[in-house]
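Next come two complexes, and both contain subunit A; in the first it sits with subunit B, in the second with subunit C.
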Partner chain A sequence: MRTPRILTLSAFALALSLALPAQAANDADLAQIREQLKQMKENYEQRIAALENRLAQAESTASKAETVADKAEASASQAQAAAQQASQRPASANSFNPELSLILVGNYTNLSQDPNQRRLQGFMPSNGELLPAERSFNLGESELTFSGNINHLFRGTLILAIAPDNTLGVEEANFQTLGLGNGFNLKAGRFFSSVGYLNDIHAHAWDFSNAPLPYQAFFGGQLGMDGVQARWLAPGDTYFEVGVEAARALSFPAADETRNKNGLMSGAVFAHVGGDLDVSNSWRAGLSYFYAEPNGRDYDDPLNDTTYSFSGSSKTWIADFVWKWAPNGDASRQNLKLQGEYFNQSEDGTLVYDVHGTALGTQSGSFNNRQSGFYAQAVYQFMPHWRIGYRYDQLYSGNPSFGHDPLTSEFPSLKDFNPKRNTLMVDWTPDEFSRFRLQYAQDKTRPEATDNQFWVQYIMSLGAHGAHKY
Partner chain B sequence: MKRLYAIVLAVLLSAFVLPAHASLKIFATVPEWGALAQEIGGEQVKVYTATNGLQDPHRIDAKPSLIAQARSAQLVVATGAELEIGWLPVVIRESGNARIQPGQPGFFEAARYVTMLDIPAVLDRAHGDVHAGGNPHIQTDPRNLLKVGEALSARMAEIDPANAAAYQSGYKVFADKLRSAIARWEKEAAPLRGVPILVQHRAFPYLQNWLGLKEIGSLEPKPGVEASSAYLAEILAQQAVQPAKMVIRPAYQYDTPSLWISERAKIPAVTLPFTIGGTPEAKDLFSLYEDTIRRLLKGWQG
Partner chain C sequence: MSQNGRLAVRFLCLGFLLLLAPWAQAALSVVTTTTDLKSLVEAVGGNRVSVVSLAPAGSDAEDYAPRPQDLDRLRDARIIVRVGLDYDLWLDRMLRQTGNPALMRGGAGHVDSSYAIVLLEVKGAGLSDGGHSHGAGNPHYWLDPANAEIITGNIAEALVRLDPANAKHYEQRRIDFLTRLEQRIRLWQTQLAPLAGKPLLTYHNNWPYFARRFRLNFVGTIEPRSGVAPSPAALSVLIRRMRDEQVSFIVRHPQDPARDVDFLARKAGARVAILAASVGDLPQAKDYFSLFDTNVAALTAAYSESKP
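Moving on to the complex of A and B:
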């Protein structure tokens, strides 16, 4: 305020000096003028002071108003933040409950052959379900999933399978690490082994209604484990992952469930590599190895009422490959998925066999065999919500060697044969929560008959929106 | 077996010994956040964008390449509000990267910093593919970029304190430029205020809120649910009573439903870029809105 005042005064002085004639005047006049000048000066000074005062007042009011406005703004933004938080805030402690999801599956099947006569000729029965299990209407496995973060370190998952015969099974019950870092992931509990491609994908997410033949022949459908898994993802732009599993394997070819020993039972190692070719094409390939030492793995031969028991070593190699195409990386309209896996299983040990009702009694001999098989499939989404797929499966039974005393006639179900199957499917997926599938398979898994299998299947998914693997 | 251990150990060691990258590695789920991080970070950041403008952001595959990129990222910038729920959780879990797990500073969700619209009052899948947290397509209102950018620059500074000043000034330069652009765009788009429109997918509530467009119908009876021809006929009948000026769709969606309506109702079908790369003109965050407004004005003029 100082500057304007000085300016005003000097302007005033200047105006005066210009206005007043600079000639000499008499003293009385001079005194009068001086007096007038003084009065004027005082007068102006008073008015300036008053103005200054008013200005200062106005200024302080303005700044007050500004403060008030600031405060209002702050409280408004606080209110907004509070409102937003309130809308995001969980309603109750229930919000800490795990994510819940439910899968409902059911089907209608029409089989030209008796499903009770079905077998994979040339292969030891893996005791896995040879789906479809029954004719006509069937309920599939209902799957109930609970999952959630345990804390900042671990995530837990429980997947229960309720079988149509009202039995409850634990498909998965495991925890995995969240923040081990440096590409490491650890998992422990019950889980599906990460060997191959399809093995750790749940049945409801498969592209066909049943497992490929190699999975049925070599893993009894799907290889489950109670154990630990460690994986490491290499740094770099190309996906390269290696993993190792040590476990009590829950299915064929192992027989760990009844094993009574400390330490290692079955183990697996695997490596996966993958990447993008361009924006439309991506792929993943893998190589896996599974080792088990089945001890007393029993099976019944459906053809001649005999019980067998195998003990020895079982080694399985798997090579898998997946290729996905989606124009410009957008799979919502059209996409194509090519997938194939090759299995090679060799077993070496002794076979104990007991032919009921004959004079032979219990016999045993050395046994070794190398068997293999593959499947290849293509699934094409030709328009939104509609897909069509074809799969070809083939198995090679090999020629089992029974050591010094070949008794091939005693092993009718192991007589060499190469089972084959052609499968066609079309499915409709209105959204990611529901799917209907029509599937036809021409099943040539035994020499005496071809089974024409039709089935209609529904898969419904409720609850938490689970993310899917590649 | 011993040799195998030796190889694994050697690979592991090499991973630790390799020099750390100087720049902040950012994994952006969608192009708009990738561009925003680049605007803020400039030379200090290396941005990987997981998707392009013509991909449906709801439906992305958890591809091996994405997992590999997430493995080395220091910061994941996602939209949140369940937009990426079908794939990002898997990518993050499989990455084995502790820094980017939800709850860590390296996990950033843009939707947390803006006022969400369309928060459903009732959560029921019978209402279609609704998002519990509200409509996740927040990037269609550029004013949201200011809020997200401010929070993002602070987060980048937190993760990479050495370049904190650069991020703050990067954001300031960007925000100033964006603010004046927004003022310009608002002026240009003034004629669009109150214009009735149809949308093919409810992808634009934030854009409508910004420019004052009036949505009078959606070609999806429920979010993510495709229209039956009966439903489209209904929309067409409504057009006689309450005519819309145009029908808009995000570029990643196929054009059949909006063209169907456009042809019969004799209104223009307008394709909006939705994000960077959605149209050839939408090359960055500025041309994205410029092109959006240009196309809307063109549609409005008929």
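Moving on to the complex of A and C:
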């Protein structure tokens, strides 16, 4: 307010200095001077008012600028918060360390034949999974998975299986390398062997509720390994991958669990090729070989009250093939998957057997046999969430050759027979985390009866989930 | 072989080598998980990069089932550009299988383009009420064209890191691209201005980023949850709602089921606009620019039809 005051004072000073000579002037002059003074005064007052006005305006602009600055600051802090949020949020919700997931499985089973009489006629009992195990309601295996990157070099996985009888099993516990480069990968620990197609896929991700007959007959369900695996993905336009495994095999036909020796026990090699024919069609084919030297592989045949023990060599060949069709590469609406595997197993060695209730007691003799089997299946997703599938499996028991001509009563369960089975399924998958399946199988795995098996199955998964393999 | 024949072969070889000469400076091989990212990498890289998208055009990249040959595409790639946010979760298994350390998360060639994007519909970490931990937020962030600045920034950073000789080229191309994009965004904003605040319905929740940029008012989704079709009861509720709130058009993706959308549109007297959520979803949406051109045209057409 300094400026207007100075102006006012100087205006009066000017007026006074002008008034002094007026004393000498006449009235008319005086009046004129007064008039002029008045005008000047008015003039100054106007200018002062204008100045005051401009000052007020300037002041309000300043406060406006302040508001704008405040706003800018506010939005800057907002941006900062957003940036902070952006930098703090997890790159993916799956980036929990470790990732955790849980699979819940159960079923209701209806069987036309007594499950206690079930067997694969012509095949040595593998003591493996022969689902459906029991009639009525059954709990499946609950699976708990922990996995995560250990560091930039390794990834670890632990998969626990809780069986319905409250026993806890380690299904997988392994680490694998993350960055060997040049297409190399190593895995060590407990894992499912990568032979064949279905073997290293967990049961809850299968397209049918149970394993195909060749898997049941030759691997006792699935071939697990305690050991190491090395694989190499070849460069080039066509998919080509080879791998080797050296391990203690955990299931039929190896029976390495109880062996007491250094060095190699069981081994496997496999090779897979594949490619895209066009954007809608792709395929993969493979050849695998598994070698084991079972020593004292024991099993009971309660139906015939016999105990067997096999020692020798066991060689299994597997050829597998998968064809996938998804219109325009989009499998989410419609897709078709054709899949088949052929197994050929030859065993050569000594069979010790004890047929209770006969006068023979424990006998021993040479034994060799070549057995084979295959399954072929088609699964079609005809609309989102719904799939239908058909599978045919068949086994060929071959003609075992023994050191002597066996009596019919000696090996009733090894008498040659070609078990077969037709399976139909339809499943509904409301989203990727839940699935309900209705399955019917016409099971002709024993000569005396056909078992009509119905089951309804649920598969639920919670938590982080990984992608499935091709 | 005669003397002439040999000469001819030599000339042919020479010609072949000359043909190859421009490729001698091998293009940087980049693999993206989606077609949108492929288009953006091409925008920045130009002829110095060769780009392949794993999920083909018109497919659902979120549910993509990788094929055997994809492993070979990845194995020889220098850079992998992904959407992140668990949208392309299927990539992780493949990355492990190819075992290329540079492409792993944290490696020099791994580009998560969601990095530094301000997310919408952010979910808390952990097991959400959906029963699973799928994504940290809505993953369709490339549908806000202004986010292309951040995405191309992430891409350019990796290109420059792995191919510093062409750094100027990439930076200049990115600036040119963003300048053109800025003009187009203003154009699209003007074209969509009449639709601002008008209530819209969408089948699938692809559009929050797009809606925010263009001031569109999506009042709901037709599917109650992602991937779940609406029940007849839910449809009738929607019809009533559309009438009450005067929803005059519905947006759907070409892959979304037309039946439910058309039924709703018929009952409530609304128009349907078919929008592409990714490059290649519609034949006109050939690249990142035409993706928005197509969508803006479809929206304005549906809007002008919906006016009495």
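We take it that the second predicted complex is superposed on the first by the 369 of 470 C-alpha atoms of A that agree within 3 Å, B and C clash if a C-alpha of one lies under 4 Å from a C-alpha of the other, contacts with A are read in each partner's own complex, and residues count from 1 in each chain.
Operating definition for what follows: a residue touches a chain if its C-beta (ideal position, glycine included) is under 8 Å from a C-beta of that chain, and two chains touch if they have at least 3 such contacts.
What you see is a predicted model; the values in this text were computed from it and never measured.
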For the combined arrangement obtained by superposing on subunit A, do subunit B and subunit C clash, or do they fit? clash
Contacts of A:274 with subunit B and subunit C, given as first, second, both or neither: both
Looking at the overlay, what does A:176 touch: subunit B (first), subunit C (second), both, or neither? both
Does subunit B (first) or subunit C (second) touch A:242, or do both, or does neither? first
Find the residues of subunit A that appear in the contact set with subunit B and again in the contact set with subunit C. 87, 152, 155, 176, 178-185, 233, 235-239, 272, 274-276, 279, 282-284, 324, 326, 328-333, 384-385, 430-433, 462, 465, 467-470
For subunit A, which residues are in contact with subunit B within the complex? 80, 84, 87-88, 149, 152, 155, 176, 178-185, 231-240, 242, 272-276, 279, 282-284, 324, 326, 328-333, 384-385, 430-433, 462, 465, 467-470
Considering the complex alone, what residue numbers of subunit A touch subunit C? 82-83, 85-87, 89-94, 96, 152, 155, 176-185, 233, 235-239, 241, 272, 274-276, 279, 282-284, 324, 326, 328-333, 335, 384-385, 430-433, 461-470
Subunit B - residues contacting subunit A, complex: 8, 11-12, 15-16, 18, 51-52, 54-56, 59-65, 67-69, 71-72, 82, 85-90, 93-99, 101-104, 112, 115-116, 119, 125, 129, 133, 224-226, 252, 254
In the complex formed with subunit A, which residues of subunit C make contact? 55-56, 58-60, 63-69, 71-72, 75-76, 84-86, 89-94, 96-102, 104-107, 112, 114-119, 122-123, 125-128, 131-137, 225-229, 255
